[in-house]
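Common to both upcoming complexes is subunit A, partnered first by subunit B, then by subunit C.
== the complex of A and B ==
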């Protein structure tokens, strides 16, 4: 999976897809997550970082992550090259 | 370098909720680094807002509707030319283009330059010929049926699923979810724009548009893609944003190259969820949102005037992505004298 180059992420959480013209507002945690995804980190790499930094349990994070991931995919902010790879 | 002085006549000063491209075109010319233009506004109605906008036009003339006969319209332009010595004339309405295209040589003989599509280019892109156009130039278009009579409405169900788009041959479109709604739309459109009325397959997706300029030799001089962000109940863009879309640009360049399009144009496309583009309409003139292209770095009005005058124009390939326009309405306070002058004298 990757975040296409045409998706621009601002420091204030404003996300703009210059291909579709859509724009979105992320909260600080959403911004942190999307930035890590843009760096190329997958779920397994992200999880220990988040669990250590925030007061959240394993299952809750997993559920929230995939919900967020599905939203990014729905809005074409992320491309999942292999349809079976959810990492 | 001193700017070249020209006299430019422009129509389409109707900056209403269904705006013409005249005012944004003039704004582009006023920002030109090449031309110092004296602007002659040509209007059909005495309440077109461009008449009353301070600093927009140097003179205003009322002209007769082309439906009253091309000769009357051209004779009026020749009368204006006697007074103002027009260098370039830029018509901005679909309905008047035919008259100006037919009289292109007559105007040029008087010294009035235009830069318009050829009659063939104009006619083959008409809405009722879109399927043939798509086939000829290798562009996906929605299926359509030309409805010449009420009896043909039943053919829609045999060919497409509802909803369908019902379109007038020049303007206006309605979404119809069933036969009853098709009948209502048919009657309205046939009464207003005549026959045929076009029933077009509904393509689900996002509407995207391109404003472009072709030099008549197959080169794309300018092209800027845009997505409408705010649409009025008349389907007009009240806000929009420039896009980075290579596929759309490629489609535009290919179409201009194949058709050797001459003049300004607007492509209306639908991008479906699979990322495919369907051409739903080609407007044979610049759109009312052309000033977005100027703001994004491509002064298309200036380039069009240069082409009309036979000057060399290099293709513009760069533009700023993510530039937006937001329209607004504004009440001007106007003295009665100006309204009286245009109403009685037909000129100001």
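== the complex of A and C ==
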């Protein structure tokens, strides 16, 4: 998984993809997650960090994470190099 | 260390388009209680989904409508439109407030009688009246509103058979300047059909013509249409007097006042655009009072308002079953109440609200009901906050037509609960169970 260089993310959650010309808005937690993904962290690494920091249970976070991840893929903001890699 | 409040991660595509002139509401409305009773308490006790009806709202709305008309016109009588909501408890509240009954079938007629309504205080409308229905109505001295000539002749025949007189009015359709013009019910005004019917009735020995009735349409947002209707009925009222030296007793303007629900395709919310009772009353009263009817012979004004009197009093409490994403990335949500319970969701963009504070972030969402049917869409598009599975929602303004046009389809119909004036709750219609359905079935032995 990687976020292409053409995808620019501002500090206030504005995302611009110069490949497609599309722009997006992230909420604060969406911004935090995409940054961590950009650092190369995957779900297994993120999970304990998030559960420690936020008032959320593991199943809710897992569900929300994969929905968010699917949307990033849908909007072509991340590229999954190995299609068989679920994470 | 205290943990930070969690909010679901969200990304939204920014699309350029014509901005909404009026903008979005600054804050998501929350409905956490009804008449001072917590929604959670109602749902814990009566299940989900559950219809809730507020007696307080019914009475307040009724009194507001009555005040609007009675302060402008000397003789006003409301008749509760049974088909809008014929639960016994609901009808009883309207009758307690002084409403007569307006029924459109033998079934509704019997229901009104069973609730103690006097036959003389029942207006019997509709195109479907069998000989047995007419006999029942004549025997109870009800006001029979004749819909067509075949019914008129059946009525004449029935009065002869049982040797009794019938009190009648005719239903009249007319051009009031609105589209669509309803012409399927009653006799037409413009082509003289209504006048012919009046003449025929006045010559019939067993029929006592006492009123004129019209019902120009439904969800009528133009008060001037009612003024036109009232003027045309006033003209016939006077013509009947001139020719037959007979004063009719009433003019019935029917129903059709818009509720505050928002019609699909409407640009502005119904709560902003629908006329108030005062505006309807002003148009109708002025038209009759300024007609050539002498003031000492003014007819009683009947109103069969249904939707506008009950819609606001009904709520449907429901639970989120699932959040999903469509192939196109669109947010969709499944709730446990669908079009089987919400017939009016085919016409209205019903208001759906969370019951507790939620994330401020809103996303365009499609809300589906629980039925395994593609048509089960409660809202095609609504800007809605992110809610979780198990969260509870309130759907407002569902008091009219849903509890009469609902379907027993795929699942059971739920409890209907009334909150009375003392804030006590009562089940007024029990949730169905397997036996409620199978009791009517016969499975032939093989």
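Definition applied: the second predicted complex is superposed on the first by the 87 of 87 C-alpha atoms of A that agree within 3 Å, B and C clash if a C-alpha of one lies under 4 Å from a C-alpha of the other, contacts with A are read in each partner's own complex, and residues count from 1 in each chain.
Here, a contact is a pair of C-beta atoms (placed from the backbone, for glycine too) under 8 Å apart; a residue touches a chain by one contact, two chains touch by 3 or more.
Values in this document were obtained by computation on a predicted structure and should not be read as measured data.
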Report task. Answer with clash or fit: subunit B and subunit C placed together on subunit A by superposition. Result -> fit
Requested in this report: Considering only touches as defined above, state whether A:74 meets subunit B (first), subunit C (second), both or neither.
Outcome: second
Query raised in the report: Which holds for A:64: it touches subunit B only (first), subunit C only (second), both, or neither?
Result: second
Report task. Using the superposition on chain A described above, determine whether A:21 touches subunit B (first), subunit C (second), both, or neither. Result -> first
Requested in this report: May I ask you to name which of subunit B and subunit C touches more residues of subunit A?
Outcome: C
Report task. Using the touch definition from the top, say if A:8 reaches subunit B (first), subunit C (second), both or neither. Result -> first
Query - Inter-chain angle, subunit B to subunit C through the CA centre of subunit A, in degrees rounded to a multiple of 10 - result: 80
Report task. Examine A:55 and indicate which partner it touches, taking first as subunit B and second as subunit C; both and neither are also allowed. Result -> second
**Report entry** Closest approach of subunit C to subunit B (Cα atoms, Å)
**Finding:** 6
**Report entry** In the complex with subunit B, residue positions of subunit A that touch it
**Finding:** 6, 8, 16, 18-21
Query raised in the report: Which of the residues in subunit B end up touching subunit A in this complex?
Result: 206, 208, 226-227, 229, 241, 243-245, 321-322
Requested in this report: Name, in rising order, each residue of subunit C that touches subunit A in their complex.
Outcome: 3-14, 323, 325, 329, 359, 361, 388
Requested in this report: Enumerate the contact residues on subunit A facing subunit C in the complex.
Outcome: 15, 22-30, 32-34, 52-56, 60-61, 64-65, 67-68, 70-72, 74-75, 77
